[in-house]
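Across the two complexes that follow, chain A remains constant while its partner is chain B and subsequently chain C.
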Partner chain A sequence: MEKEELITKLKKIVLPYIQDQEAFDHLSEETRFITDLKINSANLVDVILDVEDEFDIRIENEEMEQMVSVVAAMNIITAKMGKQ
Partner chain B sequence: MNRVVITGLGVVAPNGIGQDAFTRATKNGESGITFHPKLQELNFSCCIGGMPVVDDTLRAKYLSPLQLRGFNSAGILYGCMAGMDAWKDAGLAIDEHATADPHSGMVFGAGSSGIDKFREAIYLLDDKQVRRLGSTVVVQTMASGISAYLGGILGLGNQVTTNSSACTTGAEALLMGFERIKYGKAKRMLVGSCSDDGPYIWGGFDAMRVMSYKHNDDPERGSRPMSASASGFVPGSGAGALVLESLQSALDRGANIYAEVLGGMVNSGGQRLGGTMTAPNSDAVQQCIKGAIADAGIEAQAIDVINGHLTATSKDSTEIANWVTALGREGINFPYINSQKSMVGHCLAAAGAIESVATILQLKHQLVFPNINCEDIHPEILDLIDESRIPQKSMETPLRIAAKASFGFGDVNACIIFSNFSN
Partner chain C sequence: MTSKEIIALLPFQEPFLFVDELTDISVDGMRGSYTFSSSAFFYQGHFRDHPITPGVILTETMAQIGVVCLGIYIIKKEKGEYPDKSRIALTSHQIDFYHPVMPGEKVMVVSEKVYFRFHKLKCKVAMYNQQDELVCRGTIAGMINPQDDE
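And now, the complex of A and B:
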């Protein structure tokens, strides 16, 4: 999957949870979910579930802990999809 | 001691959502009871009930898209709607950027929370998919779900809690908020209660055979408080909410004052002397009514109208007898009395709040709301009070003092005395 396509899909997934529209409008690979997009930490598990559904993968607890930014999420998703 | 007044009302009832629609429907004796195919499909004896009709557009006016993600809790929805409406009706702002107001709190009751959400979760859990629950199960199924949702929406900084005492819940919430303001612990308290609806909350009552099963073909005639042909209650749901405020606070901000809470009492019959888990100890009911009157500092003779508990079971006559004994008034000297349940069913944990709102609206509009479906008043009731005391049509008459009582499983009672406001 192309990087651009992956980011577009991720943007769609996080949109309902973000609380900082400006950070979302300027979303890049470096954007962090909680500190930049102000996603409520409790909602991170919902983001993970939505990612799992979208890419048909399963994300383990340790991986979830690492998924603090867009780039981290992209790396994990790409790695998981590569294994399939 | 602070005087406590009511400055805001909100209601989500089976026969009307919002104060105007609810007043209109109730005044006209319109029933909100309908047939529910889902109940029939599940082999319920009673296939009728009262559910407020809330579509997606209306939901979206109260809860954000994020709050509505994975949302499946009718009681919390109704409670948020009624609570937010009451807050706005009191002229108070809902500002998500303001700091928490340390002088405003909430007691908002519930009998259960998010029962449909809980059902969803149980299916996932039993399928070994606990990790798929997401973040939405706890907040919707914890008993205090409603106060947690509303407290955040309104930014309340005083006590924020949920009480639960079966069908007494709403009346008890009101008195808890009343006392908090009376003793100077808060300036404003949003009080009320809400109930879930549908088969998973009503099934237990159906199994107890306490619900009306004779009117599946004629739902609007099904809820028959005080009627000789009453055959059990019809389940309902919804929410009611009231903003209570110290008189000083209301005057300082020039708020509209609907009525004053003069006093009240909560007690329990202890499941003794005829009282059981499901039936009231009549001595305790009478003490509750008498205690409320004493707390309010009025004479029993001053009560103009009663909004009873009156569920449409065989206990209606007992309730009337208890009022007669407690007030020392009978026949033509008995106050006017009505049961909101004839139009909305028994809204369970929400009943006390919805019916308190109805009681205040009667004082506001100076009219007694009608009782429907009791054209055949039970003879045991007519032995106690005159037929004219049970209006079957809306009736304009000067009203100054109203009493509201609710009784619940566990043998618990609450009685509140309201008055028109005059300074």
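And now, the complex of A and C:
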């Protein structure tokens, strides 16, 4: 999957949960979910579950803890999809 | 685990404990009851000269029986113990109300687990009165962070 396509899908997933619209409008690979987009920890769980559904993968606890930013999420998603 | 053992682990106490008994206990859902005492503190103000159980209290009752008790039971079952200093937080709820609950009424709460992942427990919860009429129902989610995870 192309990087741009992946980011577009992630943007669609996080949109319902963001608090900081400006950070969302300027979303890049470096954007962090909690620190920048101000997603709360409970909604971050929903983001992860939506990622699992969208990409048909299963995220484990340790991976969830690593998924703090867009690039970290992209790396985990890409690695998981590659294994299938 | 018995009803009494789960209730003993709840972090609530009077006047904000809204669980009397748990009657069906499983990792997939919880069923329990509570009777609202006519002398409960909130009837003095909700409403003036016209006491009705506040919706937020009905929501709290559903959360305590349907989500917190269930969460404690699941963690105890999975990990062998429920750490004393675990902290909990309500994270979201969406509830529709159908019937008022008057002072002294007993209600039944039934919950069904939607998921428990990454410390977050989300449930579908419904409350019924003694006539078996639907009082309210909806979705409630909370986070449980066992102290030993930090």
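Some notes on this structure:
Rule of thumb we're sticking to: the second predicted complex is superposed on the first by the 84 of 84 C-alpha atoms of A that agree within 3 Å, B and C clash if a C-alpha of one lies under 4 Å from a C-alpha of the other, contacts with A are read in each partner's own complex, and residues count from 1 in each chain.
Keep in mind that, in the parts below, a contact is a pair of C-beta atoms (placed from the backbone, for glycine too) under 8 Å apart; a residue touches a chain by one contact, two chains touch by 3 or more.
These numbers were taken from a predicted model, which means no experiment stands behind them.
Once the two complexes are laid over each other on the shared chain, residue contacts for A:Ala42 go to chain B and to chain C alike. Using the contact criterion defined above for the overlaid structures, shared-chain residue A:Pro16 touches chain B, although it does not reach chain C. Shared contact residues of chain A with chain B and chain C: 42-43, 45, 49. Those residues of chain C that touch chain A in the shared complex are 89, 91-92, 115, 117-120, 141-143. Within the complex, the chain B residues that touch chain A are 65-66, 69-70, 132, 134-136. Residues 40-43, 45, 48-49, 61, 64 of chain A touch chain C in their complex. Interface of chain A with chain B (complex): residues 16-17, 42-43, 45-46, 49.
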